[in-house]
Amino acid sequence: MTTKKLRVGVLGATGTVGQRLIQLLENHPWFKVGAIAASDRSVGKTFQQACPWKISGPIPEYIRDQTLKSCKPNLAVDLVFSGLPSSIAGQVEIDFARAGYPVLSNSRNHRMEEDVPLLVPEINPSHLALIPIQKKRQGYSSGYIITNPNCSTMALVMALAPLHQRFGLEQVNVVTMQALSGAGYPGVASLDIIDNVLPYIDGEEEKIETEPLKILGEYQAGKVILANFKISAQCHRVNVQDGHLEAVSVSFRHCPPQHQLVEALSGFSSLPQERNLPSAPRFPIVYLEGTDRPQPRLDRHLEKGMATVIGRLRPCSIFDYKFDLLGHNTIRGAAGATLLNAELLWKKGMLQSPK
Amino acid sequence: MTTKKLRVGVLGATGTVGQRLIQLLENHPWFKVGAIAASDRSVGKTFQQACPWKISGPIPEYIRDQTLKSCKPNLAVDLVFSGLPSSIAGQVEIDFARAGYPVLSNSRNHRMEEDVPLLVPEINPSHLALIPIQKKRQGYSSGYIITNPNCSTMALVMALAPLHQRFGLEQVNVVTMQALSGAGYPGVASLDIIDNVLPYIDGEEEKIETEPLKILGEYQAGKVILANFKISAQCHRVNVQDGHLEAVSVSFRHCPPQHQLVEALSGFSSLPQERNLPSAPRFPIVYLEGTDRPQPRLDRHLEKGMATVIGRLRPCSIFDYKFDLLGHNTIRGAAGATLLNAELLWKKGMLQSPK
Amino acid sequence: MTTKKLRVGVLGATGTVGQRLIQLLENHPWFKVGAIAASDRSVGKTFQQACPWKISGPIPEYIRDQTLKSCKPNLAVDLVFSGLPSSIAGQVEIDFARAGYPVLSNSRNHRMEEDVPLLVPEINPSHLALIPIQKKRQGYSSGYIITNPNCSTMALVMALAPLHQRFGLEQVNVVTMQALSGAGYPGVASLDIIDNVLPYIDGEEEKIETEPLKILGEYQAGKVILANFKISAQCHRVNVQDGHLEAVSVSFRHCPPQHQLVEALSGFSSLPQERNLPSAPRFPIVYLEGTDRPQPRLDRHLEKGMATVIGRLRPCSIFDYKFDLLGHNTIRGAAGATLLNAELLWKKGMLQSPK
Amino acid sequence: MTTKKLRVGVLGATGTVGQRLIQLLENHPWFKVGAIAASDRSVGKTFQQACPWKISGPIPEYIRDQTLKSCKPNLAVDLVFSGLPSSIAGQVEIDFARAGYPVLSNSRNHRMEEDVPLLVPEINPSHLALIPIQKKRQGYSSGYIITNPNCSTMALVMALAPLHQRFGLEQVNVVTMQALSGAGYPGVASLDIIDNVLPYIDGEEEKIETEPLKILGEYQAGKVILANFKISAQCHRVNVQDGHLEAVSVSFRHCPPQHQLVEALSGFSSLPQERNLPSAPRFPIVYLEGTDRPQPRLDRHLEKGMATVIGRLRPCSIFDYKFDLLGHNTIRGAAGATLLNAELLWKKGMLQSPK
């Protein structure tokens, strides 16, 4: 059976996202790591030599002695996952797509391009219809690029999806309190965050204000029509390892009673759940009843880090309702999102089974 | 000269607010500590024995060996500062006022009572006109009660004051990231805040949503007409020692261009500055230009902790503008506010000079 | 099968140690929770209502709706685990033993009594010979008391055991940097530990300086002869959630070359490993080669928190060698130790199988 | 008067040590900043543009608009302070000395060279006799190099000095818990220290084990005879902003009773105190009586960060005594040490008064 697993190439394998991918791919039922690639200064080293492993527990044994390759499209793999920094991801991902590889990217570079799906399997699998268009337009043969959202977008858009689908969003205000791991490694200097909060994350507010509109947009006649509501974001970095917390306020076209909102959230279920994708959370949204939840340290691991956790939904004197939500930024907000996208592609027959 | 200083009684002297009062009253030009009082289990002990001093540096020498008294209105002082917990402040403060003491309270109990000024010297000194009404209604002779706002309200309302006065506020959305010292001592358990954010502070949102409307209200014919705009608050506790950070969004009746807003904020100056009150900040609002300011650890001490520090003012796609603000919660947000109120009273001749 | 599991009563079920016991007993192959008990103010509530659950992830479903009972020896269980605070553990544990229950205690009260085993299954199973003596002396019928060491002792003594057995210890100097969870909940106030280290833990140094001498002592003719070497301890609390780090220096009667020391440590294996006790770590000591290990956050979960992790062993200019060690204080240092003791008792036939 | 102040050149002005020097030199009675220099990428920028200022409060106004120069010995100053990284300090400092500048260095490069004083004004001013020897040997005219110790050495050696002078040290064991600022900026990554302790600091143990022996050595006939006792160090990084805490154990040739030890420590006073050097602490050692002191956050600012703070002195079962000590690593442990050295030189006439 193992021999039939699809071989994945992990680009940027030694980074924060790459490490999570390595962890999540251990014992995956459908995929196995076929190659790891990183920047030039790591090429030729073993994973163990090159990687500043920052996840609790040891480096998985299967990867320790694999050798890092260059991020060139000559890897013996069936698809690639990209956890590359945005400074280089843009061209490298195009090179791989052009060379025939399906590319599943966590980087921001191609997210907002009109022929690239910004895919969340629970929300917009219909956007995969962009793929043939992308191939044609870019002249790709078997390759293509699919992206997953920014970490703070991911947690947010999962909560917005059932609300928008059922009640029509008009306005979304969000103030984030984001974890350190979102900045990669070494990332935030300890002297900047001890006894402190940073009220700025470069480029983050723009991502949150635009990506959800594409994800919740409708595919029509060859393109995605952006959703038509307003988002305003204020982003902060707090002294938390993993788990982005977001204080959200929402207004609707048709304001529902509170219990309907909670039902829409906690009852949300979609394609990944129906198809039993291996990395899919049983519940993509977990609603907690406690007065002081969600909390990053206590709740980020719910559904193995693949859910958006929500609490404190209550009426707002300016918007219709307000609540707090939490998402694990390196699992559902990055590596887990990439992996779930790949699982959906496989189920849909969009990945080639290895011979 | 020293013999002419007014004698202050500090109620709740060993608590977080009390400690700051003790610190701020050291070498004060007009006031001196005449008595310290605390709960029964501390009565009879020296300050040093009873107080879990948590401010950097040693306990001021002048207070170390003073003996703690009971919170009964038989202290040989000219006025009292109350840093009592709200569970007991209500009645004790009434008892002192009835016994003839001016009471300057940091507790929430009497803040919203219609004959009690919720005083911020920069904003609403006119509300002191409530005092004769209060005295008459309550049957007080020389005593009365004046309150200062909640810590997170204080930082916010200072920013709102010039904006409301000049442009007319319509809506204010605020998400707070509040410091640990706001919860007193022992307060927040370390296991609750390490690697975490708490998305709830009991009673805090209600205070922020109501207190500014009274502070920014207008005194007319014997009462304060509440200001007429909406506030929505979402409160969080973060792993910071001192300094409440708040992400604020505002809409106006008459939306000004951005530079006018910044001018209104950074140019704000008022009665305490004109009268040179000893604890008054030179600038009650400090506007910082950096892209990533204000930050609690770096900016909370500006103007000796007596200013609201603002940064990142920018247009908002939902409200007119959004920005971040910071206030030192135990200085301007508590002890410093009480002290500045007393200084205003003294300048206005509302405190009796000791014979 | 399930019906044949031994029923465990957990005393102090809502505390830090109790919570870990609840977690570790979920799906245990031999034991199940038969009753939970706590202080009077929790009696009658469900576990979920009474417990400030502080472990990542939700409260295990099996325990949520169980009702808390009083800590009286009328529980329908086959043995009890005590995570009670030392202020009440002393008498309660005696009451249970007298009433016929085997008591496995994590509290300090009876540890140093001469007829009570201070049991570490890898080190001193021979000390179980004290049980018949204890029963006789105390007049217990089927009941008895067995204790496990203090959390910082536990991590240390595991490292000392193979060293003492093979090379004869003469002097042990240890400086601890202990985690917050060791102080229970609410425990350490956040204002005491943010940006800080506390150089004192009440009673801790005494425990570390005495308990290992009993654990490593020899059972002879009805009593345990204390081991004959010196220990000096200096204890500190640091801003870490779980995992006690200890800087250790050791001198031997027969100083071995360094490689023999590392071999003695990493090769250590004993009765729990031979007997495959369900909670036994495969390797009770894990030696890490990296220059900067062990680290609490990265290494505390090795062997599911049941091992002592050691690194940086090197010669010392005063002692023979020095190194750092790490132990998970609420798993191997508390709940896991209690549970492993129970597993050993069961294997040895010292627990009564339920009818 | 101002025109007669000596002009100081600060090398490495934008680094952690440089920032403290800038802060401490504001309003200094004898010195003023005459030039600031930094690495090539900062040259030509103003201090404000180039410096990631990390000290609470704003950048001192006097320095904001000064332009950074290259670290070349053509600065119009009377002496230079070096806070350069050790990777470049070695040669740059020689260049300045050769060009005639007195160089007061905080870097490790020249500390252990036999003709370079490793100066602590309270301890070894006699070592200044090395200066003429250095000048002659190196062929310097008016220039020379003087160094101050490593930050963790500084705090330790201040405590050891009176003990060694009066009772003769034999053995010193020290386990450090060092602050983040000791690693410079960006220094320690936040992901490495949140919920963690790092049991290794590169090169630190070697410094602590050797530098005190030189500092406490005796100048005899042209050289410093190293003190003859043993030091063993184990170094850790903890999640503290400023203030190195050290757990120390000591043995003496002539073991004194405990009260004599405390007297020797708290009564320690020396040349900087007698001469009233502006930066000298009134008490170079502060002994605190509390059971849980010193603590970094509460005690690092005692004596404006220029003292070693000691507590918990008690007998040890292996050594004679053990205690905890604390020193502010960027003040007395770095910038303040450099400055105090310069003040001593000025008093001793070893700096040229500007014409």
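All chains are identified by letter, namely A, B, C and D, in their written order; residue positions are counted from 1 within each chain.
In the analysis below, a contact is a pair of C-beta atoms (placed from the backbone, for glycine too) under 8 Å apart; a residue touches a chain by one contact, two chains touch by 3 or more.
In this text the structure is predicted, and so the values were computed from the model without any measurement.
Participant: If you check the contacts of chain A and chain B, which chains show up for both?
Facilitator: C, D
Participant: Return the chain pair with more inter-chain C-beta contacts, choosing between B-D and A-D.
Facilitator: The greater number of contacts lies at A-D.
Participant: Averaging each chain's C-alpha atoms to get its centre, pick out the one most distant from chain D.
Facilitator: Of all chains, A has its centre farthest from that of chain D.
Participant: With centres defined as the mean C-alpha position, give me the chain C-chain D separation in Å.
Facilitator: The answer is 43 Å.
Participant: What's the distance between the Cα centroids of chain A and chain D, rounded to whole Å?
Facilitator: Inter-chain centre distance comes to 48 Å.
Participant: As a quick test, compute the distance in whole Å between the mean CA positions of chain B and chain D.
Facilitator: From the centre of chain B to the centre of chain D is 41 Å.
Participant: Which parts of chain A, given as residue numbers and ranges, touch two or more other chains?
Facilitator: Residues 54, 194-195, 239-241, 297-298.
Participant: For the complex, give me every residue of chain A touching chain D.
Facilitator: Chain A reaches chain D through residues 54, 180-181, 185-195, 239-241.
Participant: Which residues of chain C touch chain A in the complex?
Facilitator: Of all residues in chain C, those touching chain A are 53-54, 56-58, 194-195, 241, 297-298, 300-302.
Participant: List the residues on chain B that touch chain A in their complex, please.
Facilitator: Contact set of chain B toward chain A: 171, 173, 175, 177, 194-200, 209, 230-232, 234, 236, 238-241, 245, 247, 249, 291-298, 311-312, 316-319, 322, 324.
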